[in-house]
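Every chain is named by a letter (A, B, C and D) in the order it is written, and numbering of its residues begins at 1.
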Amino acid sequence: MGYTAGLDIGSAYSKAVVFEDGELVSYYVKPTSGNFSLAADLVLEEALQKVGLSLAKLRYIGACGLGVTFISETFNKITELSCHTRGVHYLMPSVRTVIEIGNQSARVMKTTPKGKVADSLVSDKCATGSGRIMQIISKVLRTDLEQFGKLSEKATKPAKFTTNCAVFLETEAISRVAEGTPREDIIAGLNQTLAGKIGSMVHRMRIEADCVMTGGVALNAGLVAMMEKEIGLKIQVPEQPMITGAIGAALITAEKAEN
Amino acid sequence: MFVAGIDIGSTITKIVISNGTEILASMATPTSAEHRRLAFRVMDDALASCFLSYNEIEYIVATGYGRINVPFADQQVTEITCHMRGINFLFPNVRTIIDIGGQDSKGIKVKDGKQVDFIMNDKCAAGTGRFFEQIADVLGVKLEDIGEMSLRSKNPASISSLCTVFAEQEALLRLSEGASIEDILAGIHKANASRIHSMIGKLKIEQDVAITGGGAKNLGLVRALEQRIGFPLVVPPEPLITGALGAALIARETATKLTPQQLKEKKAKRRLEAVTFFDDPKRGSEIVL
Amino acid sequence: MSADNKKGLAKAQEIYNNRGKYARSLKEQGKKVFGYFCCYPPIELLTALDIIPVRILGDMDQPVTLADNYLPPVMCIFCRSAFDLGMKGKYDYFDGFVGAHACDGAERTSFIWTNYIKTPCNFHLDIPHTAHDAAVDFFREQLEYFQKELEKFAGRDITPDELRNATMAHNRQRALVREIYSLRKPDPPLISGTEMLTVLIATMGMSVHEGNLLLEEVIQEIKQRENVHEKKSRLMIWGSLIDNAAFTELIESSGLNIVIEDTAIGTRPFWHDIRDTENPLQGIAEHYLKEVLCPRTFRDSGKNYEHDSELRFGYLKDFAKHWKVNGVFANIIRNCDIHGYEVPVIKDYLNGLGIPVLVIEQDYSTASLESLRTRFQAFAETISS
Amino acid sequence: MEKDNSVKTMKSAKTLKTAREAGYFGKKMLTDAIKAQEEGHPIGWSMVSWWQGDFIAKAMGMHLVYPENYGAFCAAVRQAEPYLEIADSEGFPNNLCGYARNCLGFAKSLRDNNYVIPEGAPGGGLARPVLLLASGTACDARYKWFQSLGRYLNDVPVWNLEMPQSGVKEYYLKDNKEKNLRFVVKELRNFVSFMENLLKRKLDHDKLKVMLDQALKTLNIAWQVDLLRRAVPSPMVSQDFWSVMIPHFYLPDDPEAYSFYERVYAEVKERVDNGIGAIPNEKYRMMFSELPPWHSIGFFDELSKRYGIAMVMESWNYHAPTPMPEEELDGVTDPLEIIARLTYHKWMEHNEVAREFDTSPGFFNAAYLKWAKEYRADGFFAHPLMSCRPATYTLMHTRNSLEEKLKVPGVVVPGDIIDLRVFNADEGFSKVEAFVETMDHYRDLRKQAGMAW
């Protein structure tokens, strides 16, 4: 079989994985920083370098993510729905529901026992339920995103937000900071707002256990906990939730080519 | 008789102090987080600029997003009514008003000096001043300049996303594809004009049409709206303060109806203290998410 | 239940707050309880068998979750919310369910309800869209079936006298409600819109006799009031129903007094009495088709627009005049078609009478209420100037 | 962030020769209307009422046009947008039926142009009517919409046709069906006298009878085509059906429609006899509900090509009903009675299945339970719409019942009849691609349960 790479060029992060004979051997994640093409090259290079490979060794490259549509290189382009589902299935075969929250959208997918999409729902064209707002707020709070989960758990009195719009949430967060509301409470409030919004989307499907959350936002444990409460199911998170799309892209591409 | 109107907007706080016939002082200053709590500080400055004290002001009307948190105001009136009054005073022939504020956009219909209908959007940042602030920010240009710049475009970029957050990213993308800032701005203005127009359209637009609020300072937006609507818009010389002006006009009108005794009682109730409008129980803390 | 030792408005408030608990306490007393949708099922028939009719409502405080699997989001959210509560077991005390073809939403929800929420007895009432004589006959025949089903459930027949008495009791209720409405004519009104809503919702969850007692207490109580309410602009509400006091509170704290509401939890079920006819069902059928004035019933003169508008909305002119209404709030729950289609027409009509109209399409959620405050305040300013 | 706001329409390559000819009838309806108007015949705007009002109006010399159909037409040629905007600015909520908003917008532009059809109206526009023939069946839009048209068509009366929509259990209560029918007949009588009054002419019962006979024949043969479609592989797929349905749905009384169906029948029969499928490599059989994405019918061609999916049955509401049982028409000569029975039958005929499966309502829902077996369906394609509520209300419920009761799974791909942007073909493909496995899985389940397909 040889080597296969998978790319997920998101609007915020670019992710690359390398497979050797169906085994994940390397991955790399870096911010996209606006230039999709460059990010794709860099992240793939890094992932290959980690296992001492060169581009020429790759038999197939599959790709997904918003950025891919803007790159002229001819990757094998696959929809994100299939990629994430497949990727999560690879890591956790018992999965039946995937909630993927990236920078630009939230998606819910039901999977078949074989790791294909059985049903799916994509959030509408509004930043409210996406990870973007987290990034914005992390700037406002001058706090690393990595801290969000932990901080949120420390909250004593989650702040209430009166708006759903990501832009106005930012404004409100700024005022809260000025008023001296603790960071923890702001983050917890934000997590709650997001969990409510995404939860109502999840409810539109009959979801089943096991339920897995992926995408960068899944790194925020506070949000995951609130989502669990919201949907009444235990939610698992892969160790590397960001790379499930890339994994799926690699697997699906290899499979298609082999058949 | 001295009166004042204070318009605590979501973004900018505006004050007009008048002697009943002309404007003695007017000012516009950002509604910073600080000012959300300390509205009287802005008022202090305004009063100082025309050498007046609170007690000399017979009647104060507060309006805008933060109107309920002006403890020294004698009356609260919504910004819809105040903008209408302000515009009606400046341009008696205006039948339709478009108000583009920091966090909302509104349409108001006027007939015989009275407002007969209005419409309002405050759910989504698209079509509001905030949108333009964000875009100016990511493109690294001054807010004051984006209007003029957009007018220099020959080939407006297509901006398909109306979500402010995504439009920002789209703008950056277009930039990386080589579109000029002018073209991107023109695209942004066009998209927002069409959004605002379709909202105002529900009111049956009648001439004259005025535009007020901070959005009226954006010439690019004014032109783009004119193109959508099909005729020129009337723009006040100081569009930001129309609401505060309207508030001052209402203040005068009310004050003349009250007896000196009543005015005195009112004044006695004025307080100068810090309040936060997010802590107000009516504003949010009840809200279940 | 603590409601026992309370009276009048306090009691209404108590029951409003604890509808489910109250209904369950009735069951403990051995009563049968039926749920019904909207104001079209003739609850007189239930009363005749000593069954307590409980109006099915939604809950603006709770996000719709379970229902989304069964009803699509394009359906009116009131229906979805009600069904959601049903799926969550909030109405598990029903011994019976009466569905109705009032609007599409209510009709399909009723059908789907019976698939997933089982009760010992259920009946679907097909309500014709016109009030032609043929339609009245048809509806009466449907009521005969309805009666038979109920009798089967109860194991006994309804005698004509029982039905007559039940109808009289409900007519008495109608008269009492109208009396309270007349106490809203003074300026300021003796009872606020919020209080009225709690009273009406409370009565829609109790037996007609208990309800009448409550209404009598309320009337006594408010007649003795002096200036409990401030003078404000006088508002009429028209349109989709409001079933949460948080909404009316928001309106009334924005410089408006609600003085009359032409909605399904307002004047509509109460405005006219049922006539005593030889066959009692005839009077009932006529009442519901001809006198419950909801835009779901097609009323057209077949002449021209002005004439039709008059026929459809003429009664609002009287409301406006007698209750000295300054403005009308047209309340549209998103995706409520039967009210949505009326918006431009009713605006035409009321504006033609010089009455301003505020139209708001809302999402039936208390969480998004606060953002409506500026709109209500501005409307209050509009109509007071 | 979309790169491109424009939507690609996907035209379908019909598989039947006769399906390619069917476009003639659509054009004929429009040109006939314009001709009728020029000749001074009265025009009626009519809701689809499943033949309840059509024959009567036509027999009295009225020419009918269908604003619902016009909405689909405007959307298909991408010219609905301006009308939708007008309706919006008139204050109609923008979540009302898309066809309705299109029509309300058009009506306003008609009035503003002194009732002369404005230059450039899509398809020649709709001529000013003398009657608005509304219907209480299926959805509220169908009478509220026409009622609202009063604003623009001031003196034009609206008549609302009544049809009971009984519950399943209630349908079977003793004599209830008969009483329902009596009601409809009475209402039809009222309608006739209203029409006689309006048009100042008498209904020619003989003419009506002739039209009705013809229509029943046409509907019958359309139904026979449906029977042929049970064959495996499917001789005729939904793409074909949506083309050939126009004549039986709108013009069943037209002898041309009948002879057209004779040819359709012959062509399909020929395929069945020779075991020829409509698509080359049929692997999966799916049913579609309810209104299709008119602008992207080619999507289904692609499904056939990529995954071997044949859409074997679809759109309950467009189908000719099964012929009424003989005893139903025994000795019935009054054409109004026949009409009442026909429409009522169309709406209630699946109650038997609904009862068997303990589900309701019978309409828009139970038919799929019946068809799933008859047409050996592997899957259910649910197409929820933004702008047509009745075609969407019961979709989730139908999907649930098929899955629970017959182990036929469903896939949900949202779209719309008017708003082209809602339908995302790529998302659709990726869902269906995955759904193929789901269908495999459920095939096994059905086998284990000893089901026939």
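Details
Here is the rule we use: a contact is a pair of C-beta atoms (placed from the backbone, for glycine too) under 8 Å apart; a residue touches a chain by one contact, two chains touch by 3 or more.
The structure presented is a predicted model; accordingly, all values stated were derived computationally and were not measured.
Chain pair with the larger contact count among C-D and A-B is C-D, by C-beta pairs in contact.
Chain D has its Cα centroid 35 Å from the Cα centroid of chain C.
Computed from the mean C-alpha positions, the centre of chain B lies at a distance of 40 Å from the centre of chain C. Each chain gets one centre point, the mean of its Cα atoms, and the points for chain B and chain D are 50 Å apart. Of all residues in chain B, those that touch two or more other chains are 123, 161, 166, 169, 173, 283-284, 287, 289. For chain A, the set of residues touching two or more other chains reads 11, 70, 104, 162-163, 196. For chain C, the set of residues touching two or more other chains reads 69, 370-371.
A complete topology is adopted by the chain contact network, contact being made between every pair of chains.
Against chain B, the residues of chain D that register as touching in their complex are 1-5, 85, 88-89, 91.
If you check the complex, the residues on chain A that touch chain D are 11, 66, 69-70, 79, 81-82, 85, 104, 112-114, 116-120, 122. Residue ranges of chain B in contact with chain C, taken from their complex: 77-81, 114-118, 120, 122-123, 282-284, 286-289. By the touch criterion stated above, chain C contacts chain A in their complex at residues 63-66, 68-69, 73, 370-371.
Within the complex, the chain B residues that touch chain D are 158, 160-161, 166, 169-170, 173, 198, 201-202, 204.
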